[in-house]
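Heads up, the next two complexes both have subunit A, just with different partners, subunit B and then subunit C.
What follows is the complex of A and B.
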């Protein structure tokens, strides 16, 4: 692994984790789509600031872009407040407008500089290490690694310091407001954080993939835990994993690193939604299958109890009879009987006759009176 | 009890000429309401009468078009620490990844102010509040696993740790089981016994007389307010609920027209 590879992976991990942290609260606040809006409209801020200072590395670009992000949020809310459009429509109206102005400006006036539409959409993480930060002739490493690390530290600090404010205003905005924690202040502060993060990540992974890195790891983490601190840590871990796995996947198939990172984040989410212990699809299917078996077992025991000692018990309580009377397939009947047997609720006698054990009899009575 | 210099007790909540409108549509018209300290008051009225809006206007959660609200003789923003708020249970997302104890601890946030975190003392208070509502066994439970009644008791515990003297509750009895209803009533009486003021948005007319001392009948305008015996009458209910009164038969607790309670 070359030094270049290490630098790229390090940057990828820092970008992914920095995005996932605010992503947790975006997902919890049902604002996932707002990240899409912000990550696109910040381009306008970048372009306008670039025309002003004529330098792509100028700090003013970050400031202007962040401001555009926050303005986007304000515009969406203003439009929503008119009650003429719903919030999702407001988002869909505002950010393409700002983004398209930026794209037109680039195409018309910035054709000669390094600011092309491909880079805007997908980023150029593989080239990031070539832009170095030099102080007094000393090479301090990739410039974007410094910028992103600073943003990561900012995000960690903001979450740590305003943890309880973010939590209460997300869970119960009314209570937060009644207690004097201005939800508007918290909301715009948080959206500012999202904007700064999107601006920083923009350079590395572009405006579309930022969204994947912000939303997929927290969405996956939410399926795996029901504790907020665990969700935050898990989101960071899944994001870091997606970054490294994405890098090597890109290497293996010779494809875009950013694209493959986002794809990995998607794979992680897919795995979570399928295999999460409680909330996963597979767990849900197994739970329903178990419930069906349990119910069938209870039904069988009640059936046995009803006919126990009766004149027709010999016929009714016969293994082969279940298919006919309860309309069960032979296979299903066998599984139900085996389950009840294992639980010590009934026993099989000679000739395929079924008999409740004392425990089974008690259980059946209990279920019937309930 | 907080008193004026003259010795007269300050009202817990004083609402004067309050109007709230969403756009052009008035939700509350020129409301006057005085809520005395140390009593249990029900706010009653049909759907869309503005009951929740009245609570929110007192808490400055919705903008006022006109009017004045004072809490213990001060603007709400200067009396925040004296007021606990129990929103409607349905107003929050119970899938939020957190535990019962954590939700109760949120009640201490207002007193802690910005940045400071709850510590051992707050944790102990939260546990005590959970015991009061019979939910101490659920402290570590994920909140999505609670029944409606249990959720309501958690909200009540959260209000208790706010250490307030005035409690504004939005439909605390909505959709709860009998056990929870009893627990809530007990807590309300305990609060009154120590001199606290409770204002509940309330739906079940048949329990107004049993649970509350005073009632405010609301339907965009204030129809009547005062002690239950005086204000909770059939004519007033008829005014508040319009023509839809057949279900009101008998709920006011009067035996015969004109007869006293």
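What follows is the complex of A and C.
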């Protein structure tokens, strides 16, 4: 692993974690697609500021782009407030327009400079380390690594300082307002944080993949825990994992690193939705199968108790009769009986007859009373 | 190029005509289908579908080695459809809300698509050139057979739309009622979503995956402002989408390699802005005018009631004049007393007896009484208001 590889991976991890932290609240506050809108329209801010200062490394670019992100949010909300369009349509109208202006400006006037349309979509994390930050002739490492680290620190600090405000306003907006937190201030402050993060990450991974890094790891984490602090830490960890795994996957097939990081975030989310311990699809299927068996066992117990000692007990309490009476398939009946037997609730006698154990009898009575 | 030149070229330049026809047909189909997406609050599903189509394009090329449009469109449609299924599956089987599900599918599929594209580009065979035009679209690459594909498939989609009109309408406005009537609403939903997928993937070559959703949403959002009828809205959205498509494609094709997608989207966005502003009834300008008139009327009524009160206090028959300063003092903080007096004079409810001294007229007294006794004079007042076009019939803003 060369020093370049280390720097790229370090940058990838910092970008991914910095995106995942505000992403937690984007997911919880149902604002996921606002990140899509922001990450597209910041391009306009970058382009306009670039025409102004003619320097891609100028700090004004970050400032202008962040402002554009916040303006986008304000525009979407203003459009929605006219009550002429629904919120989803408002988002789908605002950002494509701003993004289109930016792309046309690039295509028309900036074709010769470093800003090009591919970079907008792909980012160029593989080339980021070539742009170094030098102070007094000393090489301090990749410029974007410094920028992104600063944004990461900002995000951590903002989350730490405004933890209570964010938490309360996310889960109970009414309570937050009653406690005196200004909803507008929190909302726009938070969207500013999302914007600045998207701007920082834009350089490395482009407009669209930012969304993957912001939404997929927190969504996966939300399937794994019900506790907010755990969710935040888990999101960061899953994002970092996606970044590193994505880097090596891209290396293996010689493809876009940023795209591969996004794909890996998707794989992590897919794994979470399938295999999450309690909320996963597989866990759900197993739970339902177990509930079905449990219910069938209870029915069997009650059936046996009902006919125990009765005139037709010999017929009714027969293994083979269950299929007819309870309409079970032979296979299902065998599984239910075996399960009950294992739990010591009944015993099989000669000729396929079933008899409740004392424990089983008690259980059946208990179920019937309930 | 001047407008005349452009028009001339459109008539006589074969390539340009092909491009314009393709983009126009595309805009019409996307606009008509988009109405349902917008009304069902699925505007962003279109965004997810179009982004999700990218890996389909790449895979179709990788597997077949063909760059023929139908092959790539088929791949795109399959991928877009799978992406939609994923979104629905995530929302149904987990607690992840729809917006997050859309965001994940959109960006992750797009990421996979980029991986495939960069992978394809780095292979030694150079046949892949041009796949990246699917990102932002390039109408200039439209061939006659591409246009035929758009027109043919689009016509089938619109035909299905017409055939299942009643079902789609039911699905859009009252799904539960449809279920109660015994319609297979799930299957109808699948069909409508499939049509949306088809409409979107048809536009990928012209508009590109990144911005295609805007061509679905914008004409529908614009058309919505002009009408409350679904059929009119669908037709209007189709027309507006067609206009946006033709205009955008022509500007792009004659503008020296400017990507088509953003051009079309900007034209469509302009149509939306104009519609939002000037559409009769719903437009923001007509709302402003309405508000201004209502405010002016209310203020005039306030001054009139002040004049009435003064007249009543003085117990005179109405010819006693009062200084403007008094009226102004009676509702401090409300500017424009003089303007309100002007409005009253215009209607003959008050008159300036001598400079800066005003009196209520007998007609004004009558009008003021209707203000205080709404039951007694409502009809008369309403009629007067309607006559002047201040409030729409029925008093509904």
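One rule holds for everything that comes next: the second predicted complex is superposed on the first by the 370 of 370 C-alpha atoms of A that agree within 3 Å, B and C clash if a C-alpha of one lies under 4 Å from a C-alpha of the other, contacts with A are read in each partner's own complex, and residues count from 1 in each chain.
Following the convention adopted for this analysis, contacts are C-beta pairs under 8 Å (C-beta built on N, C-alpha and C of every residue); 3 or more make two chains touch, one makes a residue touch a chain.
Keep in mind it's a predicted model, so treat the numbers as computed, not measured.
*Asks:* After the alignment on subunit A, I want to confirm one thing: do subunit B and subunit C clash, or do they fit together?
*Replies:* On the shared subunit A, the partners fit.
*Asks:* Output check: A:349 vs subunit B and subunit C. Expected answer is one of first, second, both, neither. What do you get?
*Replies:* The answer is neither, since A:349 touches no partner chain.
*Asks:* After superposition on the shared chain, which partner residues are touched by A:164: those of subunit B (first), subunit C (second), both, or neither?
*Replies:* It touches subunit B, and subunit C stays clear.
*Asks:* Just checking: does A:180 make contact with subunit B only, subunit C only, both, or neither of them? Give me first, second, both or neither.
*Replies:* first
*Asks:* Give one of first, second, both or neither to describe whether A:329 is in contact with subunit B, with subunit C, with both, or with none.
*Replies:* A:329 contacts neither subunit B nor subunit C.
*Asks:* For A:99 in the superposed arrangement: first (subunit B), second (subunit C), both or neither?
*Replies:* Only subunit C; A:99 stays clear of subunit B.
*Asks:* Let me test your reading of the model: by the given contact rule, A:172 touches which partner, first (subunit B), second (subunit C), both or neither?
*Replies:* First partner only, subunit B.
*Asks:* Now for A:222: first (subunit B), second (subunit C), both, or neither, which partner does it touch?
*Replies:* Both partners, subunit B and subunit C.
*Asks:* Minimum Cα separation, subunit B versus subunit C, post-superposition (Å)?
*Replies:* For subunit B and subunit C in the superposition, the minimum C-alpha gap reads 8 Å.
*Asks:* Of the residues on subunit A, which ones does subunit B touch that subunit C also touches?
*Replies:* Overlap of subunit B and subunit C footprints on subunit A: residues 222.
*Asks:* Under the touch definition given earlier, write down the residues of subunit B that touch subunit A in their complex.
*Replies:* On the subunit B side, the touching residues are 23, 56, 59-61, 77, 80, 83, 85, 87, 91-93, 96-99, 102-103, 106, 109-110, 112, 114-115, 117-118, 142, 144, 158.
*Asks:* Considering only the defined contacts, which subunit A positions touch subunit C in the complex?
*Replies:* 26-27, 30-33, 35-36, 82, 84-86, 88-89, 91-93, 96-97, 99-101, 103-104, 107-108, 117-118, 121-122, 208-212, 214-216, 219, 222-223, 250, 253-256, 258-263, 265-266, 269, 273, 279, 281, 284
*Asks:* Taking the touch rule as given, give the residues of subunit A at its contact with subunit B in the complex, in rising order.
*Replies:* 28, 83, 161-165, 167-168, 170-172, 174-181, 222, 225-228, 230-231
*Asks:* What residues on subunit C touch subunit A, complex-wise?
*Replies:* 38, 41-44, 46-47, 51, 90, 93-97, 99-104, 106-119, 122, 132, 135-136, 210-211, 213-214, 217-218, 220-221, 224-225, 257-259, 261-263, 265-266, 269, 272, 276, 282, 284
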